[in-house]
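One chain, chain A, links the two complexes that follow: it is found with chain B in the first and with chain C in the second.
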Partner chain A sequence: MFLRLLFLGFSLGTFYALVSLGFSLVFGVTRIFNLAYGELILIGAYVAYWFVRNGLPFVAAFPVSIALLLVAGWIMTHLGFRIRQPYVLNSLLGTLGLAIILQNLYGSLFGGDYHLLNLPSLSGRIDLGLFFVSPGKFAVMVTSLTLIIVTHVFMTYTDTGLRIRATVQNREAALLSGVDVRRMSFLANFLGAALVGMAGPLFVTVHYLYPLAGIEITLLAILITILVGVGRTGAVIIGGIVLGIMESLTAYYLGGEWQEFLIALALILMLIIRPTGLLHGHGEE
Partner chain B sequence: MKLPGPGYRLWLVLLFLAFLPIATGQDEYRVSVLSGAILLGLLGQAWSLMARCGLISLGHAAFFGIGAYGAAVSRTSGFPLIPSLAFGGALALIFSMTFVGLAGRLKGAYFALATLVLAAVPKAVVMNWRSVTGGSEGLFGLPSLGAITILGMEMDPARNRLIEYYMIFFAVFLLASVIWWLVHRSRFGMASSALRIDETAARSLGISPTRYKATAIMASALFTGIGGGLYAFQVRYMEPNYLFSLHFSAIPLVVAIFGGMSTTWGPLIGALILHTLDEFVFRRFFMTSHEILYGLTLTAAILLFPRGIFKAIMKMVGEERIAYR
Partner chain C sequence: MLSKITSFLLVLLLTIVPVARPASAQEIVIGEVASLSGRFAKPGGSIHEGVETAVHQINLAGGVGGHPVRLVTRDDGGDPQKAIEAAESLCLKEKVIALTGGYVDSLVGPVAEVAEKYKVPYVAAASLQSKLTQLNRKYFFRISNLEGYVNPMTQLIGSIGAESVAVVHSTTPGATELAALLTKHAGSGGISIIAVETFKPGTSDFTPMLLKTTREGPDILISLGFFQDNLLMVKQMKENGISPGLFIGAFGLEYQALIDDLGADTDYLVGTTAWEEGINVAGTEKMATAYLSAFRDKFGREPEPLTMHGYSSAMVIIDALDRLIGSGATPGREALSGFIRQTDLPLPMERIKFDDSGEPLYYTRYIFQIKNGRRMVIFPPEAATSRVEFPAPPWDKR
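Then we have the complex of A and B:
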């Protein structure tokens, strides 16, 4: 049982890592705490749910979800230019408003019920020798890991990736060294939106889908980003897996109702231990 | 009493509000909507007390829910009305003190993020302390406010006349407003504004950020807790999943920002407009998703008029000074 829980936590953790990777990329260049982040992931999740409900293939939800997220990201970036000082606090409130809008939109379009997709191709079980797992969990893990590794390689070993990281770490210095900061910000936003678009349909296979499901994902993404620091694509996966395993163990031994409390406690503690927050070590604030 | 300059119109508005329920023919539904708006105005004012120091709270549901449970539990165990309300407020105050002790030094967005998860803490307590709080099912059939005597007039909501509720809500609101108004004109108000605008400069003038911020958080928690108690006696049932939800964290800040968070009267004006709009229009046409109003208002206010609709209107009329009272 314990090994099975570890595996479940691991597979959940890779999904969390994927989710926080998108958050961390966009946060890195915009410095906006997007409180509507989880609700944006739900866009893809509801698309996938709607597709399967209407007999369309699940895989087709991915391109649609990515396209929708790119449009949403483009709109948000342009509205973001209108936000006035104090910029960070106002963007926090503006995205909270967006989160409430989306929650209610989902509620009126799809109702308040809990949904979980049971795809015939992803149910059943695989024998791993010591325990059984469902192909769905396996597929989520493989997809998430692949996306994270591709992003990590892109950010670490390509010239463009290096420029994006420079922009995240110190905008002014990057600008002085001849990095096209605006283009890199645009690219990071684009990449982040694409990752969120991929994560959306995966969400329905690992989690119950309901209009208020987004806030938990937002909190997890913020928590993992604070835990590992901004723009560190490699460390994100460790943070995600640690949280995933923690969640699967506490859900089994303590019960699911403690999860919200534990996330809250972890976030407050992280903020107190690292009061400089996400920018730790980058010499800002 | 000398009327305060051009602001006397606002006192007239308040006088108008005090008699409005009588003018509307004491229609129960309309009076209850008005009571709700007054309560929301109180919550918005309490929220903006913190915002005035530059502290954005995304977790006022914590104080609200603690106040509601504190008042409900003490009332059911036989306490009179006003001590019950005070008890709820005091519990919220104590909770805010522990929060200040832990996270009072956080700044800006990091403070806001810490408040975002704040409501999960009392919620976990309420959910697991079943013998007192009723656990996740909540508490039902709370006693109503009960008969009390104000200025020799006996108020008895048990006679099913909501006007008395309204009077009690209005009395608490008026008390809070007068306190806020005095605070705003005092050294405290000046110091909090200074802290919001430039903390370093304020410190160099000898203003202690820790002290002023702690006071603002505690006062805000106290009044939000009392508001929670009033709410508990109005709806007469408690459900932890709803009381500690994002909804009650969001509405105070939405009305405050919409109305204008750095003014005394802005939150009230915001609450009156939004709550009546919600009850009379949105709840009718968008039954399951009427809260979309608050999201739309918040995002629109941040993008279009971050200083609040009150200031925007006053500027249009050419009397911007009133907005600062």
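Then we have the complex of A and C:
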């Protein structure tokens, strides 16, 4: 059972990592604390739900979702450059407003109902010997891991990735070194938007969808970003998996009522003991 | 320049100054605190549509004693603080004669407090927690109670020969108390309670909890979660090959959306409902037809079963108003509360009559099982249209 729970936590954690990756990346570069992040993920989720409900193939939702998010990312980047001081407070208020607008838009277009995609092609079970896993969860896990690894490789081994990371670490120093930080902001936003566009359709296959579901995603992304340290895209996977495993083990051995308490406790301890993040000092700096 | 400024100010004035609503002196205003957004938007919306249907129906018939009824609804967003603000606004600003609406006790409780403070009768459309009526409030009434769930569910479990039960429940007050009562009744009936687990609303992975509660193979798994929790639980049970003999969901399985989203995976699930088309209290068939007709006229589609809760709670207020006006007394909150207390009203869902604490004397849930995508009543036997299939086949045998 313990191994099964570890696998469940791992699987949940990879999904958590995917939905948090875009937030971590964009926040690291632009310092925009995007409170509408979860609502942006819901764009792809609602697109996928609408596609399937109208007889269109689920996979076709991915390019549409990514395209919509790239447009949204482009608009947000432009608006982001116009934010005046106090920058952090203004970006918080601006994205909070956007979140409320999107929540109401979803409510108007799709109603307040809860929805879940139960695709025949992703249901059923894969026998892994010790336990089962659904093709849907397996697909989400593999897609999440692939996207996280690709993003990590891009950020670690390409010139552009290194420039983005330099901007994350010290915007002023990067600027003095000749890095076009404005361009890096655009690129980070575009990369983040593409990741969000991928995460959206996957979200509705593993979690129910409703207009306020974005709030939970945003909180999750903030939690993981704080846990691993700002801008540490590669470490997001560790944060996601730690959180996923904590949730699974707590729910089984202690009970569901302890989940939030223990996660909050871990976060507080983290902020006291390692305020710069769980993996501070282990590469990626 | 001056004329431009004057024009601008005039336009601004016309835009921002609210146009006074032509209030009818005879109009009766009923207030509703409803969850139209937030976590309980789905059931809250269904109940709201029922309240709207009752008001629509009565206004089409010429109002109450010739007085048109106006409904003022405030959204609580599923937040107790907003529910309090909404109730206060309705009582103080809108000066409503009565309040209705409500779905969960975490929201009904605060509204009941406000209603008591301002002496406004409040007929809650859905409420379970026994504490709310044990306080012997003068202005609080509700049309549902815990016994209405516990009795049919424990009788069904006993009648099919189940020996063991596991319960998972949300941490909301009503669900928590229902879990305690169910386990107490089932235990005293000789049924073994092998697990009771709680979960927070919004849980995204129920698998560990489901694995834990079903590891000893209970005959029955009872879920006291809401629609969205059951949606996810059923999906995750299938993914993990978790097959209890029967899955009973006390709340939210009556929604057609469950079958629409999960398809054939909903077969054999057992749920409860207060009303279904064709299942009416004897002698109320014409009222049920009038209700359906009014709903279709207003919304152009079929109502959800839960909508009848909203309709019934509003009809209690309308019926009491009718008697109050008929008596020649001046319509007022205090007098209306007295007339609501004397209610004895047969409605399609149930005969509505209250005890001294505002608790309904009659309330019972029908139990259905989903078969081939249709809800078939399996309990009580006199209303059953089908026999219960127990144990349900495991997922890999379907």
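By definition in this document, the second predicted complex is superposed on the first by the 241 of 285 C-alpha atoms of A that agree within 3 Å, B and C clash if a C-alpha of one lies under 4 Å from a C-alpha of the other, contacts with A are read in each partner's own complex, and residues count from 1 in each chain.
Basically, contacts are C-beta pairs under 8 Å (C-beta built on N, C-alpha and C of every residue); 3 or more make two chains touch, one makes a residue touch a chain.
This is a predicted model, so every value here is computed, not measured.
Of the two partner chains, neither chain B nor chain C is touched by A:A139. Using the contact criterion defined above for the overlaid structures, shared-chain residue A:I222 touches chain B, although it does not reach chain C. Of the two partner chains placed around the shared chain by superposition, chain B is the only one that A:A99 touches, whereas chain C remains out of contact. By the touch criterion stated above, A:Y208 is placed in contact with chain C alone, chain B being left untouched. In the overlay built on the shared chain, the residue A:V242 is in contact with neither chain B nor chain C.
Of the two partner chains, chain B and chain C are each touched by A:E257.
Once chain A of one complex is fitted onto chain A of the other, the partner contacts of A:G112 extend to both chain B and chain C.
Of the two partner chains placed by the overlay, only chain B lies in contact with A:I272; chain C stays clear of it. 103, 107, 111-112, 212, 257, 260 are the residues of chain A that lie in the contact sets of both chain B and chain C, per the superposition on chain A.
Residues 54, 56, 58, 102-103, 105-110, 112-114, 116-118, 120-121, 123-124, 127, 136, 245-246, 250, 253-254, 257, 286, 288-292, 294-304, 306 of chain B are the ones touching chain A in the complex. Chain contact summary for the complex, chain A toward chain B: residues 33, 35, 79, 82-84, 86, 88-94, 96-105, 107-108, 111-112, 212, 215, 219, 222, 257-258, 260-261, 263-265, 267-268, 271-272, 275, 277, 285. In the complex of the two chains, the chain C residues touching chain A come out as 36-39, 41-42, 44-45, 171, 197-200, 202-205, 207-209, 211-212, 215, 227-228, 231-232, 235, 238-241, 257, 261-263, 265, 395-396. Of all the residues in chain A, the ones that touch chain C in their complex are 1, 4-5, 8, 12, 103, 107, 111-118, 123, 125, 131-134, 136-137, 206-208, 210-212, 216, 247-249, 251-252, 255-257, 259-260.
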